[in-house]
């Protein structure tokens, strides 16, 4: 068994400013050792530790999709010591990636189901990974209707804007893009908070419909009742949690909610599962 | 299973002889109490020592341990590429470990050696270590190990169990590692298996009589996590707590750790330190949000982890071996025996 | 001091009955020999749990902070030895707690005992300890000893010159006689007389067993910073491992943070699981505060601490 603390060495291949306030950047990494990409085989919904020698590690959801080959992508919000350092790094710099870690959205269970993706702010990374995965020609037929509700404070704060607008043009996915507010007279999508858009535009639930929800606590808090109103049962609501993590492999002991370790037993749980644990996230 | 008699006059000589093969750890005493330490040649373990203030967990899990290193000098070809820190895992023997501390290592193993991941640092140290335990003829007043799945003559996790018979040790050799250790010491005077076992049984029975605490843990598994979590007694349990890390650091079963990076000149090191759920930093998010923001949250986490989450997750009893170290060291007298009793007896109204 | 407990209970019963205080912070009996446990008593029925004996070595001012004061007009009552009361005064002087929110039940104190000193007299673990006035009867499986309390006093209590609370609302007994010492800081003088290398070795030896559990800091009523400098992550001032430099930095810096504020209550030493005499750091600063500014912390609600104020008369010999 390999040393689970050992990161794969990677080179920063590209850095893209992801939002107008520059607080988020998308990093594209390529593996230095040819065999490592295969070892890093992941599923949409998993995360990895971005590992900067001498600075530290930070757990970040994987934003690229398993169907995209030759690189991995992460969109990182600048907030603490490691992410601030990362934001100041440049193309060509060498660092590490450790993972993939945690579980993933339940793709086996979601086959032949309608999938509703609900995201807010910068918690859209693993949702992007999921959408790209489902829209891949090899996979699209495995899923029935796909709806996406994604909102941010303003148009400039939406992640992956070009892709969003491309998806908007397609007929095999229903996009419901929204912003809290904008002065842009040409804005042609929704205005309003995610929970309202969910209530008005998300499909009502039947037993073949599942919702994946990812966003800031306040959005999650108000989206839950909206989904319940639309008939979603707690085991049809799938969420990805965040907690402070260090090891990412279920050993260092800090990220638990009850007996579940968010890093290893999660980060993906159904609302039904979360309801059985203390709300320590 | 074989038994060996070790005359105490031969003990020191045997231990010194084994140094050709083993690094020796054992209890030593100073003015502030006993500690398990690595013993330099000539240094002898105090086999009848009081309970060590700190448990022997540090032999496998040092409080600070470098796990990875990297060179940050960009002129080097392998700059910024992390490598496993060099560490020798030559054989080591821990002498005079108490049986409950050996069980504790088995409980910690559940965390570090799993089907999905193996912590190579802990596991390599574990494999290199031989545990020579000593039966406790006179358990301390804090000992409640008979309630925690072990006891003063428990064999779990030991390679050799010694019984102290005044002028000699009777050694029960439990594993091939134990055999190798006895051979390295030159301890080879066989003892009658049947008679020896009878003697062990008598000593065990006598020793167990001295343990007065009978801790009920039988009802913990059947309770609901949320009922216990939301129970009304936590404010009272936590009132006196000052949120220091003493209980977790002295505990032989507490395994939580932090990972930190440091640099010196152009060298980077990643190391891990013991961490404690008593500290607010343990769970503080980078955003400032803290899911366990108050001391009540943190005290509850410690006891829920030991007495409920662990019970449910592993089905191996509670995450406590009854050593009583936290009871003895807590500056404000928070007593896990009392908390366990409250939890075990709690019925939601 | 023995008789104090009955008076303390009577006072608490009255205070709770007439609603003057929301709770009383005091000491309850412990679950093991020589232990006590800080407790908040909120009902008259629980008043019986209170004890006061030679093992009440922690400082209850540590349980009073601006975050746990009653929201309404009620007060918190605190059972306070001389040092606890001085730390309450320090809280008030430092604007942490208003005087009118705290009801100080003063206890004239004849000192707390050093549990390690007692344990060292025994070959095995102590199983029982009872106190009768100034005499302790201590029992283990192998021996029993009758010990005079004065022979096992904690070092800080031996050198205490403020056994009676300087500020209180009610006293639970007649004041005890204060000690007058010819040499109040012989330990500091001893360390100061060492050559620098020996002195450095002394402190290195002192902290060699430190496990950074921060019991000393967390038992200290002065350490109420929302984020301690050792826990700060940006910038990170101190490394988190067992490196000697980091451990030493913690102890020295903490001592300096306590300069002119420490009452030498001994809670830090009482709490340390490793038997480190943390007071070797703080006592030097207490001596400096006394020698240079004639200052002892927590004696006066109306006088500002020396590091708070500038006076043209401040000593400046250290500027060379």
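Which chain is which? They are A, B and C, in the order written, and residues in each are numbered from 1.
Note that a contact is a pair of C-beta atoms (placed from the backbone, for glycine too) under 8 Å apart; a residue touches a chain by one contact, two chains touch by 3 or more.
Here the structure is a predicted model, which is why all the values come from computation and not from measurement.
Because contacts link each chain to all the remaining chains, their graph is best described as complete. Between A-B and B-C, more C-beta contact pairs join the chains of A-B.
Chain centres here are C-alpha means, and the one lying farthest from subunit B is A. With centres defined as mean CA coordinates, subunit C is found 51 Å away from subunit A.
Distance between subunit A and subunit B, defined via averaged C-alpha coordinates, is recorded as 39 Å.
Centre-to-centre separation between subunit B and subunit C, using Cα means, comes to 32 Å. Annotation for subunit C: residues 233 touch two or more other chains.
Within subunit B, residues 258, 260, 262 each touch two or more of the remaining chains. Along subunit A, residues 80 each make contact with two or more other chains. Interface residues of subunit C, counted against subunit B in their complex, comprise 30-33, 35-40, 58, 62, 116, 120, 124-127, 141, 209, 211-215, 217-219, 231, 233, 239-243, 270-271, 273-276.
Across the complex, subunit A meets subunit C through its residues 80-81, 84. Taken in their complex, subunit A has these residues touching subunit B: 1, 3-7, 9, 32, 51-57, 79-80, 83, 93-96, 217, 242-244, 246-247, 249-256, 258-259, 264, 276-281. Looking at the complex, you find that subunit B touches subunit C at residues 31-33, 35, 50-51, 53-54, 63-64, 138, 140-142, 239-240, 242-246, 249-250, 258, 260, 262, 271, 273, 276, 279-281, 327-329, 331-335, 337-338. Listed in rising order, the residues of subunit C touching subunit A in the complex are 233-234, 236.
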